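Each of the two complexes below includes chain A, the first together with chain B, the second together with chain C.
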Partner chain A sequence: MVDLAQNTIDGLMIGSSYGLLALGFTVIFGVMRRLNLSYGPSIMIGAYLGTFLYIQQGAGPLAVAGAVVVGSVLAGVYVERLCFAPMKAGAAIASMVSSFAIWMQLEQAAILVLPRHTYPFPPLSTALPLEFGPFLLRVDHLMMLACAVLLAFAVHGVLYRTRYGLGLRAIIGNPVAAHLVGIPVRRSVLIAFAGASAIGGVAGFLVLAVDQQVTPMFGMWATLKGLVAMMIGGLGSIPGALLGGLLLGVVEAQSQWYFGPQIRDLVAYLVLFAFLVMRPGGLLGEAPKVEIALPQGT
Partner chain B sequence: MDEYLVGVLSNVGVISFVALSAYLLLLTGEITFGQQAFFAIGAYAAGIATAMWGWTLAAGLGFGALAGALSATIVGVPTLRLHGLYFAIATLAFAEMVRILFEMFRYQIEIDGEWVGPNGADGFRDIRYIFENDISGMEFMLIIYGLLTVILAGFMLLERSRLGVIFRMIGEDEVLAGLQGVSVARYRILAAAIAGALAGIGGGLYAHLTTYIEPRIFDVMLGVHSLAYGLIGGLGTALGPILGVLIDIGLLESIRALSGYRMIIFGGLVALLLIVRPRGLLDERLVHRIGVALRGGRKMRV
Partner chain C sequence: MLELHRLTKHFGGVRAVDGVDLIVNPGEVLGLIGPNGSGKSTTVNLICGLFPLTSGLIMFKGEDISALPPHERVTRGIARTFQNIRLFGQLTVWQNLWVAQNSAEQRRQNPVRRWFGGGGSAREDIGRTLEFFDLAHKRDELAGNLAFGEQRRLEFARAFAAKPVLLLLDEPAAGMNAEEIDQLDARIRTLRDTGMAILLIEHHVELVMSVADRIAVLNFGQKIAEGSPAEVQNNPLVREAYLGTATAA
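Right after this comes the complex of A and B.
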């Protein structure tokens, strides 16, 4: 029982980082209706920038965090300008494939600058874990969970309490109508993209600070975890992204504890597949009515 | 032809199968990140058949195709209701499950004092059929391109047949196709099965070409690449995906000198290409124009 509860706690903590990744992903997908495969690799650019400063200049955790976020945003804006902004309506698959090509590009650029397989990353907190009866709680895990919840509320607040958010929701509803009533569509979309990348950057920094190391696999890892958590939570739902991440974290922690890492990954994909087949809307998203996203056309 | 060129071309030919597999599903309007699963299943099935059961190459490849088609049908049924991103991610989840299962799959028998067969994450070594039967690299390349030609001819026939029209119709608008009396579910499963078989044959050829397969080859990267080839080469004709593979593998091989920078250059080129030609080099419009020109100018057929 203690194991089960401790695994659940650990899973929730790790899951909060998946939730954060999914949050950025869902904002991009919600606004664009297109899949940005370069989401993880953009964060990787930020992560490598932060690592570079840490190794070369001995930068502290806060400076590194700033660098990761700035790097992610710059890479994210680059992706938006190259893969999404110039594409015509209906060229959703082209955008997706283009973002995949840029994924390869970003990854190689990062590896060129820091070619080793692993690099150290500054820890967020070296404090001893807190003890609650038989349970242990890592301080950096708690900070991660707090960040995830705060950012989810912040995104929700921006979307539903600000004029900018109102405009963005109008664009999500109908971009042509939004343009006709004078909403600056392109600029709003770019800002949303940059914001989502910044959230991804925060997520990336927290994950790496907990692991205390960076590898070239990080970009792919971030894209996959964000994507899986987003789909489990329900496409387009902000609380869903967070819940999906937490659920994924708990499922992974439990199956890892009882069956080992291979079965952990198997179970995670099985849960995703089962959700898609039986409940495509995920935990909180709406079930797709007819054709959602990625339409055909020239 | 020197050995290096034969190697590169054989590779292009084999990867073309999985690219064509993803292309066929694109015709019916579905994006898939999971065709590498059937490529893997075909590779393992064909490898087991020839290296462990002593089957001939043809029987092994047939078995690989059958295994690919069957597994694609089985996964096609529950994913029938899914579209767009939902379908794409479901295929990705399935393919990753297949990859992980192969990491745990152990099935070995003793042949002449050596243990042969899939050994989990360590892979499946010594699929030596083409060495044991004195098939040269050149001959095997001809086998690959022979099969590819047959399949291309099949695609050409498909484009002119009722079945091809139905596939593109479902791709354009599934609801409308249903209203026209097309049994959408049946044809989508048929398309999935054919695509599975194509990937399965390709996998079988791949296993015999490299003599060694391991689960990690069949990861998401291969799946997304297979999809991307169609988009780069063009969605107007089955030659498109093959052109895509040729550009990717051929170009990357030829700019080896720039080793450290090649993905930077190639990734950028693809992104720029897709801005100018969002449906690839050989898109429907260009293919149509070429077709009209070949038929002698103005005779337009609708």
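Right after this comes the complex of A and C.
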């Protein structure tokens, strides 16, 4: 029973980082209805910038965090300019495929610059875990959860309480009309992209500070976790992104404890599969209305 | 105000608009009519920058705006409505107007207030706009939930909220009943009398004949006639273009 509860706590903590990754994903997908596969690799570029400063200059956690966020935003803007801005409305597949190409490019670039497989990453906090009765809580885990909740509220606030957010929602509702009532659509989308990458950068820093190491595989890992959490939580829903992340974290923690690490990912994907079949919109999202064009005649 | 010089747009081999010259003056309603597919909507789309010109010039207040992106044309004072309604259905009536307010004017406001809801004068403006278009009682409703006639009014109101000096109305009367058309007629006159330039595309010939100061007729992308409503009505070319359609007044 204590194990079950402790696993749930650990799962929620790790899940909050998945939630953060999904939050950045949701901002991009919600606004543009396009999938950015380079989302994780952009964060990885930021992480490499951070670890580079750490190894070369001995930078502290705050400076590294700043470098990760700045690096992620720069890489994210690069992806937007290259894969998303030039594509016309409706060219969602072209954007996705080109973002896959940039993923490979970013990964290879990272391997070229820092060729060893693993690099150290500075810890966020070396304080001992807090004890609550039989339960243990890691301080850096708590910071991660706090960041996730705060950023989710911040994103929600920007979207629903500011003029910029209103403009974004207008763009989501009707991009053509948004152009023609004077909303600078391209600039707004670029800002949303940069913001999403910044959220991803924060998530990446927190995850890596807990792991205390970074590899080029982190890019793929971040894209996958963010994507799965977003799909479980609901496409385009901000609270959904957070909830999906937390649920994914708990499912992983429990299955790792009871079935071992090999089975853990299998269970996570089974949960995703179950959601896709039974509730394709996820926890809080609306199922996307997909019109399937059947071939004419029989 | 607005001058089109040899405006031309080809889609592949189709000459949607083919060398059209037009002038719209302040305080004037120019009616633009023609059979289906004659290039009326394309002309409006070119003026507001929805797609690039093949050739020609668009002069607005003495400046060439042919290469400007749509949102900058709005900033300079060009607003439009759509033939098929394009509101922001997920936003409320009030938000639809707020998001459309002239961004040049908004930039002069304190940036913090602009982000969080705009100054008092901006709110008063929207209130007056809602009154003028008889939508005040619906201000907190989602635009997607409005009745059809109300959505048409909101389209018009949203274009007006951008404080344009040139208003492009693309079939504003489509689907309206007689009473609504009378109200529309009155609103267009009121706006014209404030000095606004209005380009009105309309199939409803009675409305155009009643409200337009001048009328230009397009057919196959070319201007075939221009003049007062009476002159256009008696023009043999126009009668020929409309032959077989009952609306040829």
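Everything that follows uses one rule, which is that the second predicted complex is superposed on the first by the 288 of 298 C-alpha atoms of A that agree within 3 Å, B and C clash if a C-alpha of one lies under 4 Å from a C-alpha of the other, contacts with A are read in each partner's own complex, and residues count from 1 in each chain.
In this text, contacts are C-beta pairs under 8 Å (C-beta built on N, C-alpha and C of every residue); 3 or more make two chains touch, one makes a residue touch a chain.
Keep in mind that what you see is a predicted model, and the values were worked out from it rather than measured.
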Joint occupancy of chain A by chain B and chain C, clash or fit: fit
Chain C versus chain B, contacts on chain A by residue: B
Included angle at chain A between vectors to chain C and chain B, based on C-alpha centres and rounded to the nearest 10 degrees: 90
Which superposed partner A:198 touches (first chain B, second chain C, both, neither): neither
Touching partner for A:108 - first (chain B), second (chain C), both, neither: first
Touched partner set for A:273, first chain B, second chain C, both or neither: first
Contacts of A:185 with chain B and chain C, given as first, second, both or neither: second
Contacts of A:93 with chain B and chain C, given as first, second, both or neither: first
Touching partner for A:176 - first (chain B), second (chain C), both, neither: second
Partner chain(s) touched by A:231 [first = chain B, second = chain C, both, neither]: first
Contacts of A:164 with chain B and chain C, given as first, second, both or neither: second
Smallest separation of CA atoms, chain C relative to chain B, angstrom: 13
Intersection of chain A interface sets (partners chain B, chain C): none
Touch list for chain B against partner chain A, complex: 26, 29, 31, 78-79, 81-86, 88-90, 93-94, 96-97, 100-101, 103-104, 171-172, 174-175, 220-221, 224, 227-228, 231-232, 260-264, 266-268, 270-271, 274-275, 278-279, 283-285
Complex contact set, residues of chain A against chain B: 29, 35, 37, 82-83, 86-88, 91, 93-98, 100-109, 112, 220, 224, 227-228, 231, 235, 262, 265-266, 269-270, 272-273, 276-277, 280, 288, 290-296, 298
Contact set on chain C toward chain A in their complex: 48-50, 69-71, 74-75, 79-80, 82, 86-91, 95, 98-100, 102-103, 106, 114-118, 158-159, 162
In the complex, chain A residues that touch chain C: 161-164, 166-167, 169-170, 172-174, 176-186
